[in-house]
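Should a chain be cited, it is by its letter among A, B and C, assigned in written order, with residues numbered from 1 in that chain.
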Amino acid sequence: MTLTLKILADQLGGLLFDAAGAATGDAQRQQIIGAATLETAGPQDITLVDSTDKIHLLAKSRAGAAIVPPGSGPLDRPTIEVADVHRAFALAIVGFRPPRPAERVGVSPLAVVHHTARIAADVDIHPLATIGADVEIGVGAIIHSGARIMAGCRIGAGTTIFPNAVLYEDTRVGKRCLIHAGATVGAYGFGYKIVDGAYAISAQLGWVEIGNDGEIGANTTIDRGTYGPTVIGNGTKIDNLVMIAHNCRLGEHNMICSQVGVAGSTTTGDWVVMAGQCGVRDHVHIGDRAILGARSGVSNDVPARTTVLGEPAIELRERKLQLATISKLPEMRKSLKQISARLATLEQATFEQAPQYTAEHTAEQGSPVVAVAPATEAA
Amino acid sequence: MTLTLKILADQLGGLLFDAAGAATGDAQRQQIIGAATLETAGPQDITLVDSTDKIHLLAKSRAGAAIVPPGSGPLDRPTIEVADVHRAFALAIVGFRPPRPAERVGVSPLAVVHHTARIAADVDIHPLATIGADVEIGVGAIIHSGARIMAGCRIGAGTTIFPNAVLYEDTRVGKRCLIHAGATVGAYGFGYKIVDGAYAISAQLGWVEIGNDGEIGANTTIDRGTYGPTVIGNGTKIDNLVMIAHNCRLGEHNMICSQVGVAGSTTTGDWVVMAGQCGVRDHVHIGDRAILGARSGVSNDVPARTTVLGEPAIELRERKLQLATISKLPEMRKSLKQISARLATLEQATFEQAPQYTAEHTAEQGSPVVAVAPATEAA
Amino acid sequence: MTLTLKILADQLGGLLFDAAGAATGDAQRQQIIGAATLETAGPQDITLVDSTDKIHLLAKSRAGAAIVPPGSGPLDRPTIEVADVHRAFALAIVGFRPPRPAERVGVSPLAVVHHTARIAADVDIHPLATIGADVEIGVGAIIHSGARIMAGCRIGAGTTIFPNAVLYEDTRVGKRCLIHAGATVGAYGFGYKIVDGAYAISAQLGWVEIGNDGEIGANTTIDRGTYGPTVIGNGTKIDNLVMIAHNCRLGEHNMICSQVGVAGSTTTGDWVVMAGQCGVRDHVHIGDRAILGARSGVSNDVPARTTVLGEPAIELRERKLQLATISKLPEMRKSLKQISARLATLEQATFEQAPQYTAEHTAEQGSPVVAVAPATEAA
């Protein structure tokens, strides 16, 4: 598809400017055949710059024009100014490169669906998916190829299960969720006791419950509870390769970034953020709107609205101070040596004149022995 | 199902008490319809408290009664005291909510089983599993949907392979193992050398051997050896999302928690514990019963019966001391500045009276220049 | 198969020596039935020692003979000296234990291939793989069981997709790549904004592009770009359980070890190495041939040819200095206390004789108050 910049600007509800700051006929008639990011756009593509402090990045792009925030121009090439750059650019992309229509397959005859499963209207079950006994699937849900929905699972309306995700027995998934490829929900919790000289696994009588509007990332794992549910609250989003252990209870609207691990029985409030590669120990509570900084190791409760960072994680302000001080460590060590030398000089000067007291110091292991002349020798 | 507390107590072999410490008729006749954890139990459910120091948590629960350790009561509601709370509670759950009977499917006609595979008696191979050439599967093993058992694998009696797990060629799995969903066993080791200006992969002629009674967590990966086996010893339990690299040889009864990574050719003794998110470098040895604390980065051998922690990991006692000292760093830095000031004051007082020596100190980079008056000026 | 050492040495182009340093008839006639590593070799196997500094490990092995580097012997048993030990040992293994011939299946009638897919000559599509609409697969590619190739994907000639790997829509994979089992390529990027009191997912209009000769490890995840591609350059090797987030652009010949996480929009040059369990924040650039040490947390750009380590990552030299100093911390703290005591002694000695000034120091919080007598009291 080819559009003029004029038509594109009209479709996006934006203001068109040329490099001189006007909307000349030349700019209006310029033809655009695609939309692409700064790195990949060619001379006939439109690109985007999503904030005024990134405008300088445009200079290196081959793009023919750009969608930009209001007041960004005039720039070195035509621009369309819009209030919501991301919304406009997504519209442009969809216009030039319409998304592949989702193929509706209904319940494929090549899927393996247990005769006791209850499948609502308008559900797609792709070839080679398996649906176990007593499973319930809500209206409009999509189960992709290779997904394994084991016995007793409940899947809410409008939820999508991507290829090769596995839901163990009795997993409950709410409405409008996305469960990405390779995610494993409901595997056994990692708890053992030693019986007769070997590890014996704990009870595995629980299950996993995921609320509405959740997202579970690719290859993420959420283990079932020991006796009851491991719970993921409504609206909570979990990235790829995350581990949520048995008996955890995450609140609503949490954002759990990639490769985070949360150990058993830990609970969170609402709107908690865990940045990438955090670890949280078992049996702690993370309060509402707390933020765990990237790669933090959290071994205690975190109060609401608190940001922590580091290993072990402490409050952000403290951690910054700690890091600043650690960076001064080599300097401090030098300083300490110098002070010690100055002190020795002073001691010599002072006590050679007036040796009046006895001091004993136990030299610390590995440090130079502190030489203070005892009274008997100094006399 | 509905049971009276009297009948339940008898079934569990426990002692029933009411809130007054007696076994009154009222308590005996109280009806229970389910068993649930503290957070989820309702007034007609029985719950559990598994140690006396958690008894206070019962106050917040809506549970109608509780299974507790001996000597816990009397409490605010009826209790059944038993020696093994977890065993009794698991029995109660199974009574009220009988586990779904495992559906025996035999070798499903919808599975794809190579004609050279040797399948013992009493094996379940679920629909859409694939079994390669020359595979051997022992008595009573269960292969779930979507599991891929590639050519030459050996699977011991009583082992369960959960959905979508993948065993590359020639993987050996012992008896009574659990291989969870999405686990990948036997993929290529990550070793390269540069040939003609590009990475060329090393030999991939080995395989993986897992002993008896092992557990491999969901989405965990264990790579094949270069020439011979990567070995996981008998009884060793591995949690989700763990990486065991090529040529590793783990001993027996290890416990490897979630998201741990063990680099190539590392070996362990028996009863080693690696807590969550540890990393262990290549070619080191972790001795019998060593414990690697959570998120430790281990770059050296660890002696038997030693606990290490931190990044880089050091002995626990040392690490605690280190952490304590790091927390004092800002204070130490202030202290150092004060001492320096006091020293300057003293130097001035001493050498103004009796300027007897010359001192030169090279000021450290970035620190305030140490002002010591040379003899010529002080004179 | 049984070979004499003489024949084996000839086949490998190596020089045979016995324990006395000669090539006696006894050594020549010694029969070998297999090749195995030091730990697993028996008396009739040949083993390898790949560098002269590991020769001492041979003493503990039961192997009957060893392939060793030139000039290693004479040793305690017969040896074959060759220039490239690994190449020779791989040849020996393949001789004794010929690799299972890859079974050519063509396009299996048990695979589910969309009628619009374009499959080149000599392609294997194993049973129960699924190939979506408009997919293109190049000459000689192999798609294993359970792999899910969604609509619009392009797979280059000679590429192998292992079992249960998932390629979301429009993923492009170059020639001669290996995509290991359980890898998920092209799942949604983890980006949200808050709309009406809940997280709304960002646009998911992009895709993933993997160059030629790439390797993607088992259970690794690479997310699609927001509007355009997430890019993995030619020859770049990625280990297991790695996370590459949306919009990243990795250069050529990168080596990304296990459990590394790279956050969104980060870019790398060529020949970058990221050791195990690193984390790299979003929107940074890692220069050509930079090395990120194991478990580093990288939150800034890294210049070309620079090695960084630590959390936060700093240059290797600095990090070593920092670690050395941290290990001295307890000692420094003791030293500081002793200096403070010595100083107090000196102050007392000096100002008792000649109290000439007033000093005030604000005692730091938590530290012992610094006692300096004011002039009025000292007088």
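The definition used in the following text is that contacts are C-beta pairs under 8 Å (C-beta built on N, C-alpha and C of every residue); 3 or more make two chains touch, one makes a residue touch a chain.
From a predicted model like this one, the values you see are computed outputs, not experimental measurements.
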{"item": "Magnitude of the superposing rotation for chain B and chain C (Cα, nearest 5°)", "value": "120"}
{"item": "Classification of the chain A:chain B interface as same or different, half of numbers criterion", "value": "different"}
{"item": "Intercentroid distance (Cα basis), chain B paired with chain A, Å", "value": "22"}
{"item": "Chain A, residues touching no fewer than two other chains", "value": "128, 146, 164, 182, 219, 241, 259, 311, 326, 329, 332, 336, 339, 343, 346, 350"}
{"item": "Residue ranges of chain A touching chain C (in the complex, touch as defined)", "value": "35-37, 39-40, 48, 86, 89-90, 93-94, 97, 99-100, 103, 110, 126-128, 144-146, 162-164, 178, 180-182, 213, 215, 217-219, 235, 237, 239-241, 253, 255, 257-259, 276-277, 294-295, 311, 323, 326-327, 329-330, 332-333, 336, 339-340, 343, 346-347, 350-351, 354, 356-357, 359, 361, 364-367, 370, 372"}
{"item": "Footprint of chain C on chain B - complex, ascending", "value": "112, 128, 130, 133-134, 146, 148, 150-152, 164, 166, 168-170, 182, 184, 187-188, 190, 192, 198-199, 201-203, 205, 219-221, 223, 225-229, 241, 243, 245, 247, 249, 259, 261, 263, 279, 281, 297, 299, 311-312, 321-322, 325-326, 328-329, 331-332, 334-336, 338-339, 341-343, 345-346, 349-350, 353"}
